[in-house]
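This is the structure I want to talk about, given as structure tokens.
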Amino acid sequence: MAKKLMKGCEAIGEAAIKAGCKLFFGYPITPQNEIPEYMAHRLPQVGGTFVQAESEVAASNMIYGAAGSGERVFTSSSSPGISLMQEGISYIAGSELPVVIVNIMRAGPGLGGILPSQSDYFQATKGGGHGDYRLLVLAPWSVQEAADLMQDAFDLADYYRNPVMVLGDGLIGQMMEPVEFKAERTPCKPLPPKAWVATGCSGDRPTNIINSLFLDPEVLERHNQKLKAKYDLMVRDEVRCASYGTDRPYEVLVVAYGTVARVCSTALDDLREDGVGAALFRPITLFPFPYAELRAAAENARAVLVVELSTGQMIEDVRLALEGSRPIHFLGRQGGMLISPEAVSERVSAISAGLPEEVRHG
Amino acid sequence: MAKKLMKGCEAIGEAAIKAGCKLFFGYPITPQNEIPEYMAHRLPQVGGTFVQAESEVAASNMIYGAAGSGERVFTSSSSPGISLMQEGISYIAGSELPVVIVNIMRAGPGLGGILPSQSDYFQATKGGGHGDYRLLVLAPWSVQEAADLMQDAFDLADYYRNPVMVLGDGLIGQMMEPVEFKAERTPCKPLPPKAWVATGCSGDRPTNIINSLFLDPEVLERHNQKLKAKYDLMVRDEVRCASYGTDRPYEVLVVAYGTVARVCSTALDDLREDGVGAALFRPITLFPFPYAELRAAAENARAVLVVELSTGQMIEDVRLALEGSRPIHFLGRQGGMLISPEAVSERVSAISAGLPEEVRHG
Amino acid sequence: MAETVVFARPQALAPVPTHYCPGCTHGVIHRLVAEVVDELGLAHRTVGIAPVGCSVLAYNYFSTDFQEAAHGRAPAVATGVKRARPDLIVFAYQGDGDLASIGMAEIVHCANRGEKITVVFVNNAIYGMTGGQMAPTTLPGQVTTTCPLGRDVSQVGYPIRVAELLATLRTPAFVARAAVHTPLHAVTAKEMLRRAFRYQAEGTCFSLVEVLSTCPTNWGMPPVEATEWVEKNMVPYYPLGVFKTPDGLDRAPRPAPATEG
Amino acid sequence: MAETVVFARPQALAPVPTHYCPGCTHGVIHRLVAEVVDELGLAHRTVGIAPVGCSVLAYNYFSTDFQEAAHGRAPAVATGVKRARPDLIVFAYQGDGDLASIGMAEIVHCANRGEKITVVFVNNAIYGMTGGQMAPTTLPGQVTTTCPLGRDVSQVGYPIRVAELLATLRTPAFVARAAVHTPLHAVTAKEMLRRAFRYQAEGTCFSLVEVLSTCPTNWGMPPVEATEWVEKNMVPYYPLGVFKTPDGLDRAPRPAPATEG
Amino acid sequence: MPQILIDRDLCKGCELCVNACPQKILALGQEINAKGYFFASVVEQKRCIGCRLCCITCPDVAIQMRVSGTMYHYFAY
Amino acid sequence: MPQILIDRDLCKGCELCVNACPQKILALGQEINAKGYFFASVVEQKRCIGCRLCCITCPDVAIQMRVSGTMYHYFAY
Amino acid sequence: MQNDLIIAGFGGQGVLLIGKMLAYAGMADGKEVSWLPSYGPEMRGGTCNCTVVIADRPVGSPVVERPRVAMVMNLPSLEKYEGMVKPGGLLLVNTSLISRDVQRSDLRVVKVPANEIANRLGNPRAANMVALGAYLGATRAVSLAAVEGLVRETFAGKAKVIDSNLAALQEGYALGEREAADGKAVSQEVGA
Amino acid sequence: MQNDLIIAGFGGQGVLLIGKMLAYAGMADGKEVSWLPSYGPEMRGGTCNCTVVIADRPVGSPVVERPRVAMVMNLPSLEKYEGMVKPGGLLLVNTSLISRDVQRSDLRVVKVPANEIANRLGNPRAANMVALGAYLGATRAVSLAAVEGLVRETFAGKAKVIDSNLAALQEGYALGEREAADGKAVSQEVGA
């Protein structure tokens, strides 16, 4: 198919449709309103259904019901709305339902602002809801990648019977870039039949029950361990990351995800021109985090710089990966302020000139 | 005052009253129903007000309003209810309101079960809501300590203008133990006057506004950095931890918090009798986490064992503290299953006999 | 002469004992729903939504597929199911804490969207599962663990009448209130439930039947006394009958004449 | 002859320009509230609760203390304030998305508890702030960005009439609906607001005034046309007047006679 | 002839049937069942009029009714 | 004599006052203000009847009214 | 020294109450104590239990996996706890509701026909007091006097109830003392 | 090579639209492009802007802190962006709404009386097209033909609007070409 110039939000919506998703439940919130608006317009055209939920709480429970019926479904929101879904997400994970959740992050905490941010990293990767569960978290850096990952998200969700989050910031949502959808696409995972769906029982099998309640602690423990085994499998099989400029020698390794990594890539180009050797490591899956891959990439560097639109969240995973093997620097902006290539270049130059590492454990 | 045998939930309620709290808003959920029930009974006796909120979402916003009026207030719930409060908590942190939130954790995810668990550690310490914020998290290991920390919690909340969480598990809530309340108690922090409260303005000052919205990203960034500076101050000044058996040589350092640490202490006694040298390190503040203290305590051990009622959450902070300097083992139970002293002893013995460390980054 | 079974466990009710307390009428309501599902021949395409409350284990007690919803969110889950699979018969079973307290937004909006589902709303004027706290439906003066001196309407207001509240919405619906504290009330309740499911099966409208129920355990009285308590205290405040039918009429109350006030 | 100021900005309204679009009647409603607060002499002990919606910055526009609530939760925040400080005058200002969609549970329960606060409910039949999505109050057939073909009542139900809904609750309250699309409507609206605040000041009851408002920007029409749209489309569906006064009467609808159905 | 069969292990001894029976022919016995409840049984089967009120009121579906021959009922159920 | 004063910088040019004035003596001008709006002004002050409808309808409180002497109004406000 | 025990039975048998009384009495005796109830889903109509620890120094684990003593008031509790008691520990069995024998041979067993004794004393609800008395008689974990005081407090105002409960307690105490003293309690005789 | 620019003005001036057209045209020309709008709270009645990048290889940062070109359609935009343009860069100024001079002396300045021209051409809403044309004329960032095609698509069915917009585009183009060519654009002459 030909390339089309699309907003990230629209590309995400179209990608869902291309992935066979016919159901969307969601509530308006900036900066992702174009997703529900796109779905409201497009879904009826493909025989699907758009429902504007009364709230994000309701939306998270509507996708639960739809997923439990075996249909592909997604919701999307932005930070405060995602917070409201935490109970629902925990239920979805506990009941092992395949759903896709899009978070187009804005600055917080509280009402905060509506400009781009990456300060929901902890919530997305460690679990903002209660209990031991994990989301598989995908972080695109371009509109095309958002479209691609969005399609994979449905396959991953179905394969693992687990909620998958596509985590973008306001830039990904609002930016327009050329996007191409493949005419034919093969799922990125084999898709097991959904024998577990609750869609009526004629008595020819035991009833199917979508549920996360296990009153017997031994049974619940087994359930917890089953979930854990699933997450371990994701850790083994689903890590995705990319690097930029690692094919040439580098002194400083920049670690960033999402659109911030884009900004860093421009900075690295500029730095090369100035003769400073620096490379970029970009986690694409935030859970599972590419610990081993990052550690290997950092071996070749003298120091590491983490760049985030937050006061420092992914940096904890970077520390876990490096275990003190390299000094770690941090460059963060908050509140919707963006990081410019210039700011990155400047900090990398300073580090390569010998800037000492800051104190740990802020 | 004389010792009284009290349930943890009741002691928490009484402690709040002793700390001058006259307002409670909350919603029933096992295993902490005795807290609202106690408050419903006691508050009217001291001229206070108990309101059963229509939901945890509402409760978190009611405490927001009450705290913004300058009054001491708390709510309590258990895991799924705390998930529902995540937006509210993020608002409270963003608006810098002093409230106390009690989470008597039960097993998850989803509806899970009602038996004790520690699987909301990430949510409590890393921030389950959106945006860059932190709760100050206190984890008592006995009913007496629950009563003491509960009172300190109000002082810390007022001092930092930040939500403080008292994090217990079902055991703390349901267990009865002797408790003593001091007749006179001095706040654990100096209490600044609350000049910022929204209680009506006669025109003699600019209006007071309780708010977390900052549309200008530069202003929001400054706000974020102010919050971050506050959290850094907590890291500097508020770390609390305890150890047990570190006065004698030990090979294995057990790390555990809350009632699980109690269980471990019994195991350590048993182990001493069997000639195995092991000690206990117990974080009391989970945020700020006692990274440096733990690292120092681990220097004297050959290996570290983390014991949690989860599939492994605090273990990430232990890894951050140790940075690979000691092998780290994990013993966890889930789903409401408890850890017995015997299980701890057994694992410690195995470690001291040379059990190899498991793989990292589950 | 051949023996015929006149009364027995309906097919749609699983052949297992329940965990309900002795005399708790959740059990009666379960059976009525199952009988209706059987009689209308819907079991093979029925999906139930269980609430959080004493009836949380409803998914074990019906022999239909089920989804367990988060506390109060059964109408949202039911919406998800019905929109995904309009061919299914979807019913949500909810308690009064679940539906009328934490789940108020979901039930109002579900009814207002006119989701073609059926809600069985069990009003026992208390939180059963968590041990007897005040519900939005707790009667004036009624003692619970969170209103130990009795519900004080000057502080917490009057009990909410859910059927009446939902009946004022403009969207067509079937809304009724029934009871099961005597066998004859149960017969009427079944008739209401039958209408509710039939409206759904015919794709007509949203339907909700509020059923007054007992909680001997948390009311602190023997089951028989509890049934009398329903008659004496609940029925006067919660009148039984049909409040709304999908006749397309607009029943919204009108403002008072301008002279008023 | 001495000159007197007959009409000027009320004290309780801060002397700053608003960010509202030209002709948006949020501004009129702000002024009416401020005038009432001034006239009743309440400003020094009034706390406003701002919603999330176009009026989110209300805290900048009144010269009273304010709290900014999460989306839909203003009634809960107001409850917290009023219970903490019953001596204060507390009003929540909410839009229709805020109050009638995400905040439905909070407003119903706040009204039902009889919290002695005042709610100013601005119904403009759309989500203004987020750019024109469907609200629970969007009229049948009305086009918005999330119902691009017009609100289809067979799919999403009819608009919710909030005043009517709340008026059926048993707990005493003052509930009215007014409009501001013409100056004379605004005069009546002010009278309703005055009564609402007076009931609060006297500790009588919960009070809510629904005010029909315009959103020229998202309705896609010039302000004057928008006022005509209110008269032509909104007033017929949302009748103006008083729906409930705190007279202690029970106005719950009764079930239909048993013959019915 | 209607015949009432009460499953002793399903019965929880709530006495709702005892109370509902117009003939007063049901009663709790002195024995307890596996769950620890005194359970109901028919004291005088032959006086049963087959009204089904006991069946309808039993929350635990512990009561079955069979008839030999045709029966007419006052209300449809 | 009523006098209408319109603050040109508060005015957003919505024309609600223009529409409301029974005397039709208000109008938008050709100039734009600091915010980029054409703003309203009084075209014929002397025909003003002091009804205050413009004041009441202005969403931006851009209109003040003063009078010299006493005025009676048809409605209390 | 640490005394710890699990008391288990049906919901209505008052096992939580006697556990609390033990803890109170321990506290009154100047000991460190903890009381931990089961609060699981069994609550409704099922079984329930509590764990009491009475010790000379601060109580470590309030959770006891292998208790020194178990008091089982009904059959399901015997099934559940028989295997858990520490070897050489004590098992108090309410023989009124439990007809089967104890299987283990490494425990001391005290058989208490608690319901029968309580019925005989005219207060069928005092079976728990009989069992509590038997425990005290067999172990002297806390003083009888302290518990008697608590009975008076608990049922304050209801003289008849106090008397029958005290009688139950005392009769149980005597039984426990006797069984413990005369060696009959040694389980070998009981095992199959 | 990379072309990047920020286009800024009042909400109603159509700056987002011409930004999108540039991006579309760039894509049609086979270039890599990105378009990034401001979506801040300014939305309502205030100013707005967008950033367009057109490059030969994949676009790195879609955020440009120091753009090579800024097109400012009103005074607040000049205030905000004048300082940001890269030294030696290009500043297109809508002189119809901006009366003050450019302060910096290290920029090339193209003055475009966009509203006047548009008014003259009988379509006051086409001021943005004039400015777009001027940018194309001065930089040749994308082909005029590509943009003309887009104008026809965008206003499909409204022949009159198409014509006036095309005229505006072309008049702007000529002006941009001229100013860029004859060196007048060099800013030294403009600075104070």
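For reference, chains read A, B, C, D, E, F, G and H in written order, and residue numbers begin at 1 within each chain.
Keep in mind that, in the parts below, a residue touches a chain if its C-beta (ideal position, glycine included) is under 8 Å from a C-beta of that chain, and two chains touch if they have at least 3 such contacts.
Only a predicted model underlies this, so the values are computations on that prediction, with no experimental measurement involved.
Steps from chain D to chain G, minimised over paths through touching chains, total 2. Distance between Cα centroids is largest for the pairing of chain A with E. Centre-to-centre separation between chain F and chain G, using Cα means, comes to 88 Å.
Between the Cα centres of chain B and chain C there is a gap of 38 Å.
Between the CA-based centres of chain E and chain F the separation comes to 83 Å, rounded to the whole angstrom. Centroid to centroid, with C-alpha atoms defining each point, chain C and chain G lie 43 Å apart. Each of the following residues of chain D touches two or more other chains: 20-22, 56, 68, 70, 101-102, 104-105, 109, 113, 136, 156.
Each of the following residues of chain A touches two or more other chains: 30, 51, 54-55, 57, 80, 87, 91, 95, 110-111, 113-115, 211-213, 215, 217, 336. Multi-chain contact residues of chain H (touching two or more other chains) are listed as 40-41, 45. Note for the complex: chain A touches chain H at residues 3, 5, 30-31, 113-115, 170-171, 174-178, 259, 262-263, 265-267, 269, 336, 338-343. On the chain D side of its complex with chain F, the touching residues are 1-9, 13, 17-18, 20-28, 31, 182-184, 186-187, 190, 216, 222-224, 227. In the complex of the two chains, the chain D residues touching chain B come out as 14, 43-47, 49-50, 56-57, 59-60, 62-70, 73, 76-85, 88-89, 105-106, 109, 113.
Residue ranges on chain A touching chain D, taken from their complex, read 27-30, 33, 36-37, 40-41, 44, 50-52, 54-57, 80, 110-111. Chain F contributes residues 2-3, 9-10, 12-16, 18-20, 35, 37, 50, 52-61, 63-69, 71, 75-77 to its touches with chain D in the complex.
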